[in-house]
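Pasting the structures in now, so scroll down.
Here chain A shows up in two complexes: once beside chain B, once beside chain C.
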Partner chain A sequence: MLFFSFFKTFIGKTVTVELKNDVIIRGKVHSVDQYLNIKLEDIEILNIESCPQLMTLKNSFIRGSVIRYIQVYAIDVDCEMLQEAARREYKELKKVAK
Partner chain B sequence: MNDLTKWSLSQDTNLQSPWIEGIPGCGIPGAASLVEHIDRQILVLQRDGRYIVGYLRSYDQYANLVLENTFERFILDDTYCDEPLGIFIIRGENVALLGEVDEEKENQWLSQLRTASLEETKRIVREKRQATKAHLHDQPERVEWTFYDDAFF
Partner chain C sequence: MAGNVEQPLDLILLALDEEILVKLRGDRELRGKLQAFDQHMNLVLSDVEETALKVEVDNETGEELIKSVKRKMPMLFVRGDGVILVAPPLRTA
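Up next, the complex of A and B:
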């Protein structure tokens, strides 16, 4: 669930998503759900020549299972907080295991 | 069976999606945000690279879709053609991406293209697909490993 919360912090921020079929989309995150399906707004296809049809879209819902990478701007990420959260989750898991 | 009555807007606040009663999947914190696309014309890019256009009538948490007035759009260089398909149910795993079509942009884009005969375009596109498919499966042969953990060795 950590990554779900993590991706929720990107709502409203601009990210670049690369799909497993090599489509690269940049857009503003509208919403994320537990499967890490991502909805983008104001999208821009970076490799338009491979899929000109997608130019006509204004927003897009990307199924989490087809995402290869998500590129984010470093300024949007608080790595220390993320690390801290990961440690916390690990501790809680250990507590449950006991 | 999911008990839809158990879910409420309060569990769904992080998604900021509207709650519409009687729509399956709405309020389930899954693909809930698709509710905004209901009854709109959407374009679906499938995992195999096909484009399906239709009116979204229903969906569920796996992003299984029900589309009406569906057509598959074939594009070849500067020509295009549509093949009407009727009602379509797409299994969620095959969906890569879907989005609402901006009509203005679409018209502008289609005006740059010529319509082509369906049969011919379909044939060429299918052939191309077959070729890329063959290429994808054209992987190096597996290395055979032998483990001598048998008593005889």
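Up next, the complex of A and C:
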């Protein structure tokens, strides 16, 4: 749930998603779900030469499992809070496992 | 410090806020500071340098050249299904 909450804070912000087939898409996050499927708006394909057929897309739903990376702007991330949330989440996970 | 390491993921917890090396599927490696992780090994890294190994075939000789391409990213989410290993960085670079 940590990364689901993390990406919910990016709704309305611009991110760059790199897919496992090397397509790179920049767009504004419209929504995200628990599988980290992501819907992007106002998209732009950054390496259009490798996939010209995608040029006309405006919005896209991306299945979480085909994502390799998501680049975000560092200014949108509170590192201290994120680390604390990761520690808390891990503690919860261990508690449930016992 | 290492006294309470019982499970593999405990080591990742200790690496929070530290520089790590991540080996990924598709001949890629990342170095960066670990900001977050979960049980799937989804990660968030900051000040990341990616090294991707690419094979290029020389047009004249037909030789295969292995080229490493580096790029930097300030803040990066990495999906866990691509992660092969997480380690402290090698002190060579």
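Everything below uses one rule, namely that the second predicted complex is superposed on the first by the 96 of 98 C-alpha atoms of A that agree within 3 Å, B and C clash if a C-alpha of one lies under 4 Å from a C-alpha of the other, contacts with A are read in each partner's own complex, and residues count from 1 in each chain.
FYI, a contact is a pair of C-beta atoms (placed from the backbone, for glycine too) under 8 Å apart; a residue touches a chain by one contact, two chains touch by 3 or more.
Please read all numbers here as calculations on a predicted model, not as lab measurements.
Considered on the superposed chain A, chain B and chain C are sterically compatible, since they fit side by side. By the touch criterion stated above, A:Gln83 is placed in contact with chain C alone, chain B being left untouched. When the two complexes are overlaid on their common chain A, residue A:Ser65 makes contact with chain B and with chain C alike. In the superposition on chain A, A:Pro52 makes contact with chain B only, not with chain C.
Of the two partner chains placed by superposition, only chain C is touched by A:Leu93; chain B is not. Angle at the C-alpha centre of chain A formed with the centres of chain B and chain C, after superposition on chain A: 100°, rounded to the nearest 10.
After overlaying the two complexes on the shared chain, residue contacts for A:Val23 are found with chain B alone; chain C is out of touch. Once chain A of one complex is fitted onto chain A of the other, the partner contacts of A:Ser31 are limited to chain B, with no touch recorded for chain C.
When the shared chain is aligned, chain C comes close enough to touch A:Leu2, but chain B does not. For the pair chain B and chain C, the model built by superposing on chain A gives 11 Å as the shortest CA-CA distance. Within chain A, the residues touched by chain B in the first complex and by chain C in the second are 20, 65.
Contacts from chain B toward chain A in the complex involve residues 14-17, 29-34, 37, 43, 45, 47, 49, 51, 63, 73, 75, 92-93, 95-102, 105-106, 109.
Those residues of chain A whose C-beta lies close enough to touch chain B in the complex are 8, 19-21, 23, 25, 30-31, 33-35, 37, 39, 43, 51-63, 65-66. The part of chain C that touches chain A in the complex is made up of residues 7, 9, 13, 16-17, 24, 26, 35-39, 42, 44, 46, 73-79, 81-82.
Partner chain C is touched in their complex by these residues of chain A: 2-3, 6-7, 20, 36, 64-65, 67-74, 76-77, 79, 82-83, 85-87, 89-90, 93-94.
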